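Okay, handing you the structure first.
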Amino acid sequence: MSKTTKKKTTKRKTSKKKWTRVDGRKPDELRPIHIESGVIPNADGSAYIEMGRNKIIAGVYGPREMHPKRFSKPNMGILRCRYHMAPFSVDPRRSPAPSRRDKEISMVMTDAIEPALFLERYPRSVIDVFVEIIEADGGTRCASINAAAVALADAGIPMKDLVSSCASGKYEGNLILDLGDYEDKNGESDVPVAYLPKNDQVTLLQMEGIMTQDETEKCIELAIEGCKQIYEIQKEALKKKYGMVEATEETEEAPEEEEPVEEAEEE
Amino acid sequence: MSKTTKKKTTKRKTSKKKWTRVDGRKPDELRPIHIESGVIPNADGSAYIEMGRNKIIAGVYGPREMHPKRFSKPNMGILRCRYHMAPFSVDPRRSPAPSRRDKEISMVMTDAIEPALFLERYPRSVIDVFVEIIEADGGTRCASINAAAVALADAGIPMKDLVSSCASGKYEGNLILDLGDYEDKNGESDVPVAYLPKNDQVTLLQMEGIMTQDETEKCIELAIEGCKQIYEIQKEALKKKYGMVEATEETEEAPEEEEPVEEAEEE
Amino acid sequence: MSKTTKKKTTKRKTSKKKWTRVDGRKPDELRPIHIESGVIPNADGSAYIEMGRNKIIAGVYGPREMHPKRFSKPNMGILRCRYHMAPFSVDPRRSPAPSRRDKEISMVMTDAIEPALFLERYPRSVIDVFVEIIEADGGTRCASINAAAVALADAGIPMKDLVSSCASGKYEGNLILDLGDYEDKNGESDVPVAYLPKNDQVTLLQMEGIMTQDETEKCIELAIEGCKQIYEIQKEALKKKYGMVEATEETEEAPEEEEPVEEAEEE
Amino acid sequence: MSNNIVSRLKRKKIVDVVATGKRMDGRELLQYRDLEIKTNFLAKSEGSAEVKLGKTHVVVGVKIGIGHPFEDTPDAGVMMVNAEYTPVAHPTWEPGPPPKDAIELARVVDRGLRAAEIIDMSKLGLISGVKVQMIFVDLYVLNYDGNLIDACSAGALAALTTTEAPEYKVSKKGEIKKTDKTEKLKLRAHPLAVTVCKIGDSLIVDPTYDEEEVKDGRITITVDENGNLNAIQKRGPVGFTLDEIKKCINIASEKSAEIKAIALAGE
Amino acid sequence: MSNNIVSRLKRKKIVDVVATGKRMDGRELLQYRDLEIKTNFLAKSEGSAEVKLGKTHVVVGVKIGIGHPFEDTPDAGVMMVNAEYTPVAHPTWEPGPPPKDAIELARVVDRGLRAAEIIDMSKLGLISGVKVQMIFVDLYVLNYDGNLIDACSAGALAALTTTEAPEYKVSKKGEIKKTDKTEKLKLRAHPLAVTVCKIGDSLIVDPTYDEEEVKDGRITITVDENGNLNAIQKRGPVGFTLDEIKKCINIASEKSAEIKAIALAGE
Amino acid sequence: MSNNIVSRLKRKKIVDVVATGKRMDGRELLQYRDLEIKTNFLAKSEGSAEVKLGKTHVVVGVKIGIGHPFEDTPDAGVMMVNAEYTPVAHPTWEPGPPPKDAIELARVVDRGLRAAEIIDMSKLGLISGVKVQMIFVDLYVLNYDGNLIDACSAGALAALTTTEAPEYKVSKKGEIKKTDKTEKLKLRAHPLAVTVCKIGDSLIVDPTYDEEEVKDGRITITVDENGNLNAIQKRGPVGFTLDEIKKCINIASEKSAEIKAIALAGE
């Protein structure tokens, strides 16, 4: 968290034509993505994603009873995401204890995914989404959200929509999509985005670096385009397993809100 | 806690007349004190004190329900003081985690203040006194008690008396009142005292250093005189706010003790 | 835990005759053992053991109510052993916080002792066995089990049998009994064993080092012989206190198992 | 009434008022509360700022010290931003390790400073790979009435702007001495965070505690003195449309200049 | 039905089947489930192995780095084995510090490697008393269906066998540089753990989760490529006769060769 | 009957007996229980003492080692006093981090030693700013029946008095070697703590557990061999009059000489 400044100041190239990305991709090209669902037999739902060299596994448990009970809500369920990096996922090895970064990412991931769920259907319950980063290659939080969304669908949890996530950023003066590790560490900025395609809503948005207002807005738009491509890959992954595209389709009307019949338990 | 010896052995001066304190004070002179109540809007009561260059804020919450319940007492309330130093209050910076010293001072502060309260009136409840040292300049525990007493009065909590606190000690062979940072670190001894003026009782007494029995007793007497002066300043601070001196006056008769109707809950 | 390799590879001596142990003992000779029961007045039962230069104290509390209740079992009691080394028990000083080694030994000790008890008689209860290593001299876990068994008997807790424990190992190519500190650290292997003499059952078995299958089996047999000798010393220690050898004699028939009338409480 | 119903009623009331373009306290939607910043008020900190934003009250201390570099940047100084939710600041805040929200607060403020490359850390090495200067920025909350990120961001900027950094000398033998000389810490940028909240269909700035409680989401945008963006952080279990995001960025760009003028007044 | 009755019924069923010489899943008593091991699948780890044993799924990462030697072995490298029970792996596993069983898992695998002197740690010093090479072996459980020790032991052996160790250079000034050269980590032995479970009167290998739940006890035996034993660990609240122990050793000797062939296939 | 009533009855009984000038166990008010101190009984500690004061039983271990100096005293050794409430010592003591009372115990004993400047820490440097000698004083409670401060203070004095300190040699290359030579640790003072309890209107020394439970307050006074005071610690939620304090000091001065004779017998 507290290392020295990560982003290099812009060194704008004069001739843009010759510029290519370190891995040869076009500016708006995603890294190869592979998603597989149902990879953890014990979990209610799960998914494995490779996005570039990221290797990430997500497992869903729930809806289930919340422990300790005093943290449950009487009129709705709680979504709890946990982002965690394996000690060997980065170089040098990191401690297995959750870092402050892990905790913050867990929070923004939860915010990114929650709008896709019908939590009001699960009073007093919790849905746990556990994400383990087996190998990290830039953009782990986005890849984690992509895996988590597929894992939730795999768990049969009704969703308003899948959540798709992708970063954009600026590198050597160019706006690019889906930064790899090297671009992430040496570029001018990084803009992770999560997106609900059906609602056209951004549910994760962070940014770090130095960019003009205009560049920032272009980056967000670029990331949204990336999310739309990922959305198709996610659906494909679910289709492969369940033989249907619209597995997660559901009415978006929230059920009528009622007064909760019981009060929250005090503890 | 575990640094090397703090007190220098006595170097008694032969001619006492020329001796003056590092900041020019007379041996029995207090540092300038400024107390202000009602400084934390969210707290039930609060006070800010400057005593020399000490800058300390105290907030009172309660009487309120005790959590966890199993630590509450069926027939009386609990006073819980927490003394805590901000990381930037000392040089070099300290960790924000409570130190063993913080924990000990919290205990002796609680003992110092409790005799002034009618805790038997608040069965199953807790009164929390939180003290934050913003800047430390010697004698923080005494200044904290002074602020806490005003904060309790500001919270409208009936008190048998205000508690007033002040240290004395020995420096270059002289007994002096209200040691500043330099005197505290370089003197021969340090005797923090808290005092209930109406009851003529000492409720905090600690000492560290090397002194004869006679010197020690003289120090305690000197500190008590300091407390009496501080008492007037505390009353003035409350008067300013409430326009009355005897805001905290109350009968000292404890209410008749009754058998508690309910037993303590087991958990 | 994580120091470099502890066991030296076998340097088999050509002429075995002249070989003697560092402390002059015969290969199958125990170190001097002294056991005393009833040494902790507050405990329900206790024992102090010296085994070589090991100095270990064991105290038993219970059967008593389990806290927190949710860890109790509705149909049987729980045995909880805690092995802990004093900071000054080893050189250099260790931290008083329980190490991973402490935790593992606590588990295998519990397994070693549990088969001697009638835990089904104490539903919802716990028997706590706390062992403190005052000085460590090789074989602390075995000495701890010996002290714990006597402490349990001293607490009047019915036992199927005492548990006796002793290590064997290989040192300079020779199989030896009851390794001292030096032999433990410099030998080729170490085999701690606990044994129920009446049942002829091994309840603790660990091994670390390099030995053939045959040597290992011989070591276990040698350790069992050691346990049998210690058994007599344990009985003697109890006899001294209670004037009877068979203090712990009890029918081994387990009481008929009944359906528990109450379910486990949920928490 | 359950807390649940209370908060639903509270939400309705606030949303209704905000929908009319006003606030409960009479402010405009895009109007900050009164902001007072006092700098350099702590003698033992190299930099300090006290911020009062309405009833929100925070102290920021900047301490400079000596520490170890990270392995991969042996010559770069280290900046640490830490936030403390003191228990005096709110009735629901308890003593203990920083809650998740305090971690996010520290990280969002940190990210703004770091991304703007506010300090040239490469100038803060002392002995390559062994010792470097440390800059600790402690955000200390004394009363919480909403909008901590903006208050702390302004406080951090004000405190850093007025920080007097000590000069260190390294002797040939590798001894580091703090000289009596100080000079103003050189800042390369003036990043400041502005948080925009979404309540119903409206966007507001500088939320109170009550407004934060009922808000749908928030976006914090850190803007430097040239109008470049340095950091964005979206929170809350809702999505934002691209259009809403652009509005937020516009608001933040405008407001950051206004607040920055106050934060830099002490420079 | 209480969990208690459920597990008693489950136990009866499994014991009955095992008594007939078969398993619930149709295996022979001494038959392992399908074992798949993939090595070198992580780019950021010096060594890695993914193990699937039936539904049990673990990843082992080997990382080599630089650290401090122990005081008593200033020139020896340090190996650390750590196990992580990730919350994705089982519905009852929760985020948090490693439970006792995870500590035992790490220690048993560690003991086998260490006792076999698998790596010559004395070759891994860099600057005497100051810096040495560290070898971290992280056992990461992704799905738990029994027999973690054997799966992790095989994974650790497979990962270490295929580890490419970086070459370090120490300059005259004491700077340590990682060169681009790597060479295969030299292993001096191939220890592998086999766990034998006792269920009723039968001995089985490779227990599933259900079989582990109802087992009476287990003995884990680590055997090297010459048939020598390196480590034994008995667990469970029951005793084993000497005869049973000998049978366990025989089974382990035989099975370890079989499993080792698979673990070493990637070499 | 609730614990509350029990303790009220207990208190009444003890207060009544004490008021007659006697104790429940027949002692005089100012009479200690039998005190036995055995020194030098641990081979692996540089100093040790076993203290039995009535049924209170503590072991004090003194270990000397090598560690890092504090930044502001680069040439001074470091003394650490630590207290451990082992769970064997009392039915209400649980395994875990030291409770507040154990922290106070350590700090009060520490303060007496430190204020008396018992050891010349300036003589314990090894390599300026890098390595110094550490003196660990561990207070280990094995049975708790009141008056731990006095028992531990006597034990610490007895253990330090008989400590054989190793001689260290520092080579030109900066290697530190422990030689075989030892010499008695040089003590410059003999401070000893005496605790006086107030029960009703009476002052007593050496309280049992029951007496401590019902006491109103206590004052601990550490007195050196010349009758100088080194430390005072008042505890308990009551005040003391100046007159009472003077009586306590007189009692402590007298008793400390008596107890010191026993503590120093091993010298």
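Note that the chains are named A, B, C, D, E and F in the order they appear, and that numbering of residues resets to 1 at the start of each chain.
One rule holds for everything that comes next: contacts are C-beta pairs under 8 Å (C-beta built on N, C-alpha and C of every residue); 3 or more make two chains touch, one makes a residue touch a chain.
Note that this is a predicted model, so its numbers are computed, not measured.
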{"item": "Partner chains that chain A and chain E have in common", "value": "none"}
{"item": "Per Cα centroids, the chain farthest from chain B", "value": "E"}
{"item": "Identity of the chain that, by mean CA position, is farthest from chain D", "value": "C"}
{"item": "Centre-to-centre distance between chain B and chain A (centres being mean Cα positions), rounded to whole Å", "value": "51"}
{"item": "Rounded Å distance, chain B centre to chain E centre (Cα mean)", "value": "57"}
{"item": "Centre-of-Cα separation between chain E and chain C, whole angstrom", "value": "26"}
{"item": "Chain E: positions in contact with at least two other chains", "value": "71"}
{"item": "Junction residues of chain B - those touching two or more other chains", "value": "92"}
{"item": "Overall pattern in which the protein chains touch one another (line/ring/star/complete/other)", "value": "ring"}
{"item": "Chains listed in ring sequence, where chain B comes first and chain D follows it", "value": "B, D, A, E, C, F"}
{"item": "Footprint of chain A on chain E - complex, ascending", "value": "42-45, 48, 55, 57, 59, 61-63, 65, 82, 84, 86-91, 95, 97, 136, 138, 140, 142-145"}
{"item": "In the complex, chain C residues that touch chain E", "value": "1-7, 9, 73-75, 79, 92, 100-101, 103-104, 107-108, 110-111, 114-115, 189, 191, 196, 199-213, 216-217, 220-221, 224, 259-260, 263-264"}
{"item": "Touch list for chain C against partner chain F, complex", "value": "40-43, 46, 53, 55, 57-59, 61, 64, 82, 84, 86-93, 96-98, 128, 130-132, 134-136"}
{"item": "Contact footprint of chain A on chain D as seen in their complex", "value": "2-5, 70-73, 76-81, 100, 103-104, 106-107, 110-111, 114-117, 121-122, 217, 219, 224, 227-242, 245-246, 249-250, 253"}
